[in-house]
């Protein structure tokens, strides 16, 4: 016998219990694209209480669309071992270039990260950050449907020791901090530098260098790293995003 | 050294090679919600050439949103073994009711289905079906971005022996057949009956009965089955959808 | 010292505790216009566990706009005592016609109803009803922002012994039942009759007659009553809505 | 016997009589959120002719939505006595933190303010201010539906000795003055400073300091105060808004 | 010395005094296109208390656009004398065809009608009619900006002995009566017949025949007459509309 | 006998003959609000070949809406004689303040201006100006429907000795010149100063002073004059606009 | 020396001279897709005064988009000679299947048709038809930008002996006739039958049979033919459209 | 016999083969207006591997709309020989001014360019450029439907030796380079200068001067040239665009 009210209670109770336990955490990641999921996997695996807030209903960022809607991605040699780590199938196209299915890649990243303990909250947008004496101490969140529906509803606060901006091109969290803290980011100009035109080779390399702290306790990874520090746009090659996600996890683990 | 043009060629070639091989197949599934992915998994596992076309960028249908944006789903006893089959974690809420993470569930269904050999094409919508002497022989597809952008572009045809409508409430493929074939569906009224109000217990049972052929070579599964044959709405309980996906696969395998 | 996380926890815990206690109730009212708030007040006052779901962010329906944005309403003699009951100020315009401020009226109805024990959930829409053997047994709800944002998210079920449709002209709950149960409403035609043109005198009288059961366990009140049973449109006079709200409460109390 | 034309006349006459009497007043408040209603209550209570113009159909600003659509608010110790003043029910969550229903709070603020004599005009937007020799002397208003409907209709002028900007984050009136008077506001930069990121403790304190005159005869209160003078964002805690509303009333009373 | 508040009071008082005097009248016309203005002119000229409600900000209906945005209109011999009556300039194009400026035509119709005593209320839409014992007794109006802004605000009622539908193709008032009175119009089918394809010669003639009563106390004129009684579409020739406006005035004068 | 093709030819021929004769003229006015119509009247009356391009379908600018949709306007003593000149009815509200019907005012201005010889082209927008050696020599026009329909269609050029910007607040023509000529307007800053907040008394006076040349051969009138030269917003009093329109005509006549 | 006004006059005069000469013609075609252009070519080549009205800015209908945005089309053996006739390049893909560039095809059809004497008016929509004694005698047209801009502007009439509906799936002209003439089309049901699902082989054959008269003096061609007479959808193969365009020209030539 | 799957394969294979061959080329042109098509014609004719990416479904830019929707264009003496080169018909309006049909002109340019070997890809937008050591080395493209549908999908890269910006007023490619390379364009200010007001005579001349390199390996032509280098707007005369397209081809041929 299936009773509707038991289902309602089961869903509400299990979700809210989890949500309440997340009001304070070690790390909050914004954005469930490849670098965000990757960072979350490595952090959760090490036992850190890690949350990921994603604005959309579904995960993966732009990854599932592959290149121009052809659902394949390419990964270079340097990141091949990460495909193995996440259990993603691939084929060699030409020495040093591996092709994978973008939908399978999204599923494997998600599955591994959640099983490692990452708490993912989809349909949530980050409206603001919590600051204390010029350092970031958490985020201020709301349902993204509130924003889409153009409703005026107050948000709630979630505290954490570290925040990671993995929101891609828009680098939304860094942008909030730039606008609301007077613009003193740890970049050459103190502001968001903006992504440069495409140069795949250089981009892959600079992404790794740009994966770092941009404001006390706020880190950037993936495309957000290049957008904030002015690196060139990456080609439709996903190795750099996975490696950047891994790197930001390592830096944060060192700090915690 | 990473060369942009190699990446472009790798993505175009690997996707198009796959697409050309799919112009003719055994089974075409419309819709990547839980029942469509589940059906695809069981069909591909048995070696049938199976495609799945999904209109959206990402997979899972309404599954990732859980119940009212609380990302949890409930599965009843009857479907518990399927959670194990797909490697989905769960917790018992109360005897006979199991709670799982809706995002992990989506990822596990996707991952297993693709690894079993299911070819999933996202961002594609089904505009029409191919008919021959009053039976369905394939589908007529287009990029869903063409539809969203309100462009007027001609579609292409993909043939298959069987078509499965797993598009949920809208039962889009059955609706095309109803509109363009004079309305003689294998339902009591010869037309789409329309979903009835919620009655979880009865719905779960009727979904299984309604999982069947609705027009020569066209089958319905999941919520589309209840929408077409007039079953009640299911509660936010996903066991029925998984079981219906498995059942439609078994029926189709018998027929092929 | 004010701590953001305590505020977050306080809001989540107190709201969810209340929501969980509402999964099963005596009466569910749809719509927070004058008749819905009035019905809720009288039911809660008698100790029945009564919920009210309102799609909008704010309460009062069309009441706060008065007539053509002039924020005044008129109440006739028959309903004058109800203004006193709710503590609403008024002035006599002409014998038998009393003018009140539409914003104060909204506030007084809301305040009294909540203090009497009515549990109001704003920002929630009713998507469907629960049925058992051709009678209504509760409602299926979702965040209205989900609908506004055109997201596809599954709803949850809330059970109750009685449901009251106080959604005004659109008579949304009766319309769901008409569409999803084969149309056998307790009206002359078995369908929604539709509101007739304005005739204030007759409308006030017929509203009271039309305030009744329209399907087993489903009642209509206020403008929804005239819309369902084909009464004429009421003039911008609010007495009928208050009286109808009171009447539906009395009928339901008798039945429970 | 109910006659439609009497109702029409009653509504038009009573509203317009009130409106004509408001063309000249002591204080005009813009925005019916918690601080605006609170300021209006204290001013009207002291016998000052006070108007409040609200762009929306309904009152309360973002208050009715609670935190992330969970309709509860939290008030700290310092503002607890104001809950009592307005007759708002509450429960202690933890020492120093009181939880109230956001819908009841809105209703109580509205009811008390109107009964104290505050004249509230909803559905009206403030398009401009009246200035004389570099001081504000009233506002220029229009129906907000004119703006929503993108019609080009001329406004009308309402004079007052004092204007209070209680429009929240957008601080709309201060922004008009900044744009149309050359930008010499009484802020450090002479311009609107913009709200800083969230720091609940500090915000509550600074809100009180920022509640003051921002241009001759123009005062700011609530979230508008922090937006104009660059204070941090308040947490979803409403005590500060109530206290700021009370404070601005006291300052203005002193001046008049 | 110019005082803003005097201007505000002058506009409010003069408009509202006029509006209150219009709550009861002899004739209400809906629509300020050529036939509505023409009918209003002849009725007001004879001393009947006549109102005209126009949804738009400005008058003239489609007249100012001439034909395909070329601001000229053509009038045939039969209506030439009406151009003289309204003081409209014209030139003979070919025997029996006179060309006039569509903007001057609009201005002359408006000017003459208002000077004759017609009370025109622009920016008002007719939402419903008042009925008594199956006859029309007035209209239910609202600001059209309310409709455009998608606000839910109650209307007010204005009574009259006669109502004239001059709303053109949409024949909005007849359509309200059809929908809300069970569809018994005085047309062959009892319903709105719908305009037929263009046949200028026949259309001009039938328009005059179709200018008559369509429901007790409701008359149609101009394009609304052909739309209701199924006459052919008129060519871009305006004589028929002016003559129809004159004729409906004569019929109504006879009846009053 | 009425022949559709004769009507088509009559409209096309008479409009195009007029349009071709307008390709070169003495004065082009942009905007058919009160000051534009007034300027056009005085210029045409003196025999200058004068055109007026209006973006909208209908004339009058914001005039027909009166104040907050109450269709009345107020004119002060100084402009009373102009009401007589245009044959507009009025009533004295209080010494020095005259109330007129805004719809009749629009009609009278239009009628008189066209009869005086002004060529008005409605539905046309001014996209650019023609320049020669840093002076304006005409305008570049297009159908405004092209703009509304977001089509990309090239415009045509119309030359004239003088151009008058009567487009109100947006001062569209001056803005084009500012943007496309490097910003050297004949204003204090060389740029558009922007309208200041309302001060009716001062505004009426400054409007007259600001009615002048803003760039070689380009003049501003009415609200555009205050917007360009930074005068305060006028109250809803139309005398200043009429007087400004008359004044710009006089200045231009002197120059020609 | 280039003078802007000469350019303006040259464009206006040459277009309008052509337009006036088109007010009466032999054949009017609606729609500039492949079948409409093809029909226009053959008719104009034989010396018939033929016009084509196209709603869009550019020609070719859905042809330029090829299949799913891949700009290639396929033509079968039967229509190969037409590619030669229009000077279109092609390559044999497989015996009996020829591939051509969809952009070159569009250009060749357009170029040949205009050079043969077809008068094409783009940006024009057909709003209605002219009827006389139950036969079509021309069309009623307007700028399509008027429709897109949602303006209410009257159309003009263009007469012809024959009208051809080449508007594709929507079969817009036949639909106007169905709606405005009581529905007696020369189809089995007297109404538009609606296109059936795809069956390329049968569709190509039935298109030729369905290319015929559907109402006195109104013919259908291309996809409109199948939509009106209920043939199956054509595959993305363009031979049938070209052949149907040629056939309708032959039938019409015989009749004239 | 026509088989749908053969058609699908023929279209996919022929398009993709062509696309893969275009991943590396000599010249990439952005924009299929008159200057882009003209440049492509001359480059392809000389045997250079030349691609043209066009965002729209159809070609010609604003050309098919003629002037204000009157589909004629004017060409001056200097460009008359180019009309002959492309086989475009024309008539002399007045010495030195030739009128042509804008639709035939578009078709002739397209036809000749494709036959000369230009590879045109419509429905593609250029999102970014590839850079190496401060020079442009190709473009980053995507389906324009992805942009229109607001999807977030990664692009692909196409390399070339030279890129030509022929996107008209928006000069989209130059704008990308300005934004993403720090703004050092080869213009006086180092930035995009912006188009000046119309001066046909001077514009035609300056367009030729401005047709040049604007960043290493990036050239501008047609209206983009004037927009980038600050030339005046051209009149609706197309000779300059054709001549500019020819000139940029000559410059690029010299360089390659």
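Order of writing sets the chain letters: A, B, C, D, E, F, G and H. Residues in each chain are counted from 1.
Going forward, a residue touches a chain if its C-beta (ideal position, glycine included) is under 8 Å from a C-beta of that chain, and two chains touch if they have at least 3 such contacts.
The shown structure was predicted, so the numbers you read here are calculated from the model rather than taken from an experiment.
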item	value
Shared chain contacts [subunit D and subunit G, defined touch]	E, F
Chain separated most widely from subunit C, comparing mean CA positions	H
Centroid-based (C-alpha) most distant chain relative to subunit F	B
Pair sharing more residue contacts (C-beta pairs) when B-H is set against A-D	B-H
Option in B-H, A-D or E-F whose residue-number contact pairs overlap A-C by over half	B-H
Separation of mean Cα positions, subunit E and subunit A [Å, integer]	61
Distance from subunit H to subunit D - Cα centre to Cα centre, in angstrom	55
Approximate Å spacing (C-alpha centroids) for the pair subunit F, subunit G	44
For subunit D paired with subunit F, centre-to-centre distance based on mean C-alpha positions, whole Å	39
Contacts with 2+ other chains: residues of subunit A	4, 7-9, 11-13, 16, 57, 65-69, 123, 130, 143, 145-146, 151-153, 156-157, 198, 200, 235-236
Chains that touch, pairwise	A-B, A-C, A-D, A-H, B-C, B-G, B-H, C-D, C-E, D-E, D-F, E-F, E-G, F-G, F-H, G-H
Complex interface listing, subunit D residues touching subunit F	128-132, 140-143, 146, 151-157, 176-177, 179-181
Residue ranges of subunit G touching subunit F (in the complex, touch as defined)	4-5, 7-9, 11-13, 16, 19-20, 23-24, 57, 123, 130, 138, 143-146, 148-153, 156-159
Residues of subunit B defined as touching subunit A within the complex	1-4, 6-16, 56-60, 64-74, 76, 87, 89, 91, 93-94, 97, 99, 101, 103-104, 106-108, 110-111, 114-115, 120-123, 143, 145, 198, 200-201, 204, 235-237
Complex contacts: residues of subunit B adjacent to subunit C	61-62, 65-69, 194-200, 232-233, 235-236
